[in-house]
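Common to both upcoming complexes is subunit A, partnered first by subunit B, then by subunit C.
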Partner chain A sequence: MEPVILLIVGYVVIGGLLACFAAHLLPVGGAPAAMGTATGIATGTVQIMLGAAMTGLFTAASVDTFTDSLLLVTLSGAVGATVMICVVMFMANIIYGFGAGIVPVSGRVDVDPITKEPQAPYKTPQCDGHGVPIVVFVSGSLGGFIGGFGGALMYYTLLNYANFSAGTAAIGAISIFVANAILAAYNIRGTIEGFHDPKFKRLPYALVASFAVSLLCGIVVSLTAILGGTL
Partner chain B sequence: MPIEVVLLFAWMLVIAFLAFIACTFEDLESDIGSQSNPNSQVQLAAQVGQINRFFNKAISGEPLSNAMYCVTAGTIAWILLMQLEPLVPGEEWKAAVLAIPIGVLGAVAINMIFSTTSHCGRTAAMKRFEQPIYLDVLYGHLIPIGAHAFMTTFCITWIAYIQSNIGTLAGNPALDHPFALPLLCFVWGITVGSIGSSTGDVHYGTEREFQDRPFGEGKRVVYHGKITRYASCGVRTQKDIAGFCAKFGGPCTGMTFGLIILFTNWTTLVGMQLGGFLPNLPAFTAIGDMAAIWTIVLGLLIVAALAVGNLIFVKWVRKKCGPFVGV
Partner chain C sequence: MTVTPAVVEEEAPTKKGLSFKFPPEETEMGIIAGIIGAVIVIFTGLPAVIKGVGLILVLLWGMDSVRKTSKYGLGTGVPSIGVLSTGYGVVGALMGLAVAEYGRVGQLYPAVLLGVIVMGVIGLVSGAIANSEKFIAMKIPRLERGMMELGMAGTLAILLECSIVTGSLNFNAVVNQVMNTGIIALMFIFNCFAMLHPYNACLGADERRERTRMCGVEISGLVCVLLGFVQLALGTSPLWDSVSLIVFGAIIFAVFFWKFIKACMDECYETVGTGMIKTIE
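And now, the complex of A and B:
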């Protein structure tokens, strides 16, 4: 077996695990967040993770045209995804604040672990929090960074080690990314606020499943590269 | 500064402006059809006895449906471009002026077909709750949905066209983005839907759907399904809602996508400029690495600025609104 195959499978597995881990860090509010009934971003896990990963991938692909450094390409993908998620969370807060007069509040903790500000007195009864408070913003930024890093790592691997074309590498990386984000969505079951949420403790189960899926994806990518004659 | 570099920055600003328009209309289009997350309330309304005249199209999550329209438009445009560009050598943009609107019209036709089947299917399934299919609601909303979708898809396809040809347009073909036109349509279709879903829905779902409930509180679970069905004059349909959301939610959503496009392109271009990569393009050297490092540093600075801005805003809004005082 050629060492490069091990490299492809290894990086795809790492990228997949990071994608799954990142999805647990994102503040996913789902449909309730659109009504200000739950904390987080008002959309599903896969939807927001995919949006962030796409932006990261675009930046990584741009940077990949002028550098061949693995670290720089993946870091630029990570930063691109973080910028996307930060702008979304900030603007969501603007709409919550000015459009609906709602204060960003965590529903899972009584005191914000970062700013130490009380949360419970600001919360509307019968709601699971609302808006994007500070701890959730920090968690979401970390999620964007890690997810973008994972996505860009897979893109770089497919492009430069498996020698796919830029388009095929992008579609391949996003496909593996989506599979892992969906696994995370099953694990999250609805809404999650981030690393301080009790649901975050379910992470190991998702990582085991993600490892299996990513390993399979890595093998398929290697087989495609060998059979396609690019390796 | 060489003209190629100036043109690159100018095209980047055009792209950011198109992104602003695209996402504004994307959000309004989803509000008119009540697609995405607030759709759960329209769906629930009939089940809790609230017969309504809302348009109910939940084709799929917004990212996927928008990606579908944009890729359809991009693919049709791309095929037409390959046929038309040889006819106008040296002035390829003339082919794009014809090809892109035709592609977008195809995508809009698909959108309107999906809207019709989705609305009729969903509403027919509520027969047991005695929710009728109002034909005037169906006919009256299809054109606004199509018009807004046209704007979104049109702008996204132009963004993809400009990005896939940005080097050629600025005078240096080596700077074209490596992704083909339909793939860029896919990337930005997913992203525009993702942002329209996560940001814009809040104004429609939290405020407009529950406008007769107290302002300044999250919408409690007991309110769910009991949407505001009456406008200031007569029964409310989504035509009123588009006008309302266009005043705040839509532009905010547009700004979100516009800022994202601006930041991601700006950091890359400024990084290339600061690293000394433009306009000479020495590929895969230390200069390229330096450009990438600048891109990353600038991106991190923007992230830090956003984090600080959010911290200040959250503290301000907490102080301004104060603790919850209702019952």
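And now, the complex of A and C:
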């Protein structure tokens, strides 16, 4: 009985840390992006992360019905979340490009770290970048992959180690995921572009907070499994 | 470009529009809603209408906590605070349901309140970490208390909704009728919107607590109607119970929708111009 509890708590903590890390990689634009005056997708951190992770959970849950492999389930969750976030970023670029007539450009760096293309000359003065440029797209895809992996890991743990029913495991995983994403959102404060953003250096603070909250949530979930008679 | 001088603020009008002053203060609201909600959660044999009253009070408390927490401009968006509250609520409700059988007397489940307390502690810890200088350093006054109340209100709301839908707080009954049927997804969204929507819709320079709360009660009434239909669909309780909940929710929704619109209409004349924004030279 003991090792299973450690496994549950450990995997929930890892999933929470991955969720918090992934939220820092996403292109969060917030309200300024809705007006095309900031880089990223035009909503808050938690909403983007929740949308991606929930899609990841759907793919993970579908794969889980015919396999017991941890790696297969978590990777399918990661791929589902990545597809979701990529579609959203691509559609955002189409709307910004053909609807608003602005070029995707990063506001935080002068030269794209991946393609070495200049960014500053294309930026509208007094704006914080537009759309989803290449470095931000890569960062966002990575964020979706890691976040989906974390969400699916928690789902798999709750389903197969804590022996919850599928519905309970899914809603439990989403809830713990949200609690970690909000700590990341507190740390980000508004907008972030990805790993090249200066705000990304604040990541360790959020990881410490996320560790504490995930640990408590993991203990609560283990207690639920023991006292609820599923373990 | 000429800059229009800001309009001199006129004297505040003495008579505000429609008011809704129950209970007058945030702390009183928390205590009243917490105690009444906890008592109604324990007594699962009560008719759905009384649970609906408890649900409205608890959701109002949650809405108040969302307002309190996000009043200072977190930079994360108001919706995320409502989602956080519901997320904590689901984890706390699972914990409470797991221990519900211990110390059960007939239809009484006092042990479920353990989940509420545990979620209060987790909320307090996360609020303290978020506010602490050493970690995230949000430096928002009373963030700890806001996060604690969010966790507790979310847990009570989810427990009350489970209690309305299943008629008991037995772990297996809730898992079979709420979790496995997917009703929990509806509840998640109901709860989120009842808590986040009022402040998200009303925030701004002229936001007034009473008016925002009218919007909150109105949405809680809609939640009651929807839960009544869920009860009908699952067939877990007698017909009169569901129908009375639907009628009660519809009346609450109609009355407070009218009051909210009236208050908005009455107060919109007060909006004052502040002049053009100065352009940077």
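Criterion: the second predicted complex is superposed on the first by the 230 of 231 C-alpha atoms of A that agree within 3 Å, B and C clash if a C-alpha of one lies under 4 Å from a C-alpha of the other, contacts with A are read in each partner's own complex, and residues count from 1 in each chain.
Everything that follows uses one rule, which is that a residue touches a chain if its C-beta (ideal position, glycine included) is under 8 Å from a C-beta of that chain, and two chains touch if they have at least 3 such contacts.
Note that the structure is predicted; figures quoted are calculated from it, not measured.
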| item | value |
| --- | --- |
| Contacts of A:182 with subunit B and subunit C, given as first, second, both or neither | second |
| Subunit B versus subunit C as contact partner of A:61, first or second or both or neither | first |
| Touching partner for A:7 - first (subunit B), second (subunit C), both, neither | neither |
| Touched partner set for A:82, first subunit B, second subunit C, both or neither | first |
| Touching partner for A:70 - first (subunit B), second (subunit C), both, neither | neither |
| Of subunit C and subunit B, partner touching more subunit A residues | B |
| Partner chain(s) touched by A:125 [first = subunit B, second = subunit C, both, neither] | first |
| First (subunit B), second (subunit C), both or neither touched by A:227 | second |
| First, second, both or neither for A:216, with subunit B first and subunit C second | second |
| Shared contact residues on subunit A - subunit B and subunit C | 30, 43-44, 46-47, 50, 126, 166-167, 171 |
| List of subunit B residues in touch with subunit A within their complex | 36-38, 40-41, 61-63, 177-180, 183, 187-188, 190-191, 193-195, 197-207, 209-210, 215-224, 248-249, 252-253, 255-256, 259-260, 263-264, 267-268, 271-272, 277, 281, 283-284, 288-289, 291-293, 295-296, 299-300, 302-303, 306-307, 309-311, 313-315, 317-318, 321, 323-324, 326-327 |
| Contact footprint of subunit A on subunit C as seen in their complex | 74-77, 79-81, 83-84, 86-92, 94-95, 97-99, 102, 118, 121-122, 125-126, 129-130, 135-138, 171, 175, 179-182, 184-185, 188, 280 |
| Interfacial residue positions of subunit A with respect to subunit C in the complex | 30, 43-47, 50, 126, 165-168, 171-172, 174-179, 181-183, 185-190, 205-206, 208-209, 212-213, 216-217, 220-221, 223-229 |
| Contacting residues of subunit A [partner subunit B, same complex] | 30-31, 33-37, 41-44, 46-48, 50-52, 54-55, 57-59, 61-69, 72-73, 75-76, 79-80, 82-84, 86-104, 115, 117, 121-127, 129-134, 137-138, 141, 166-167, 170-171 |
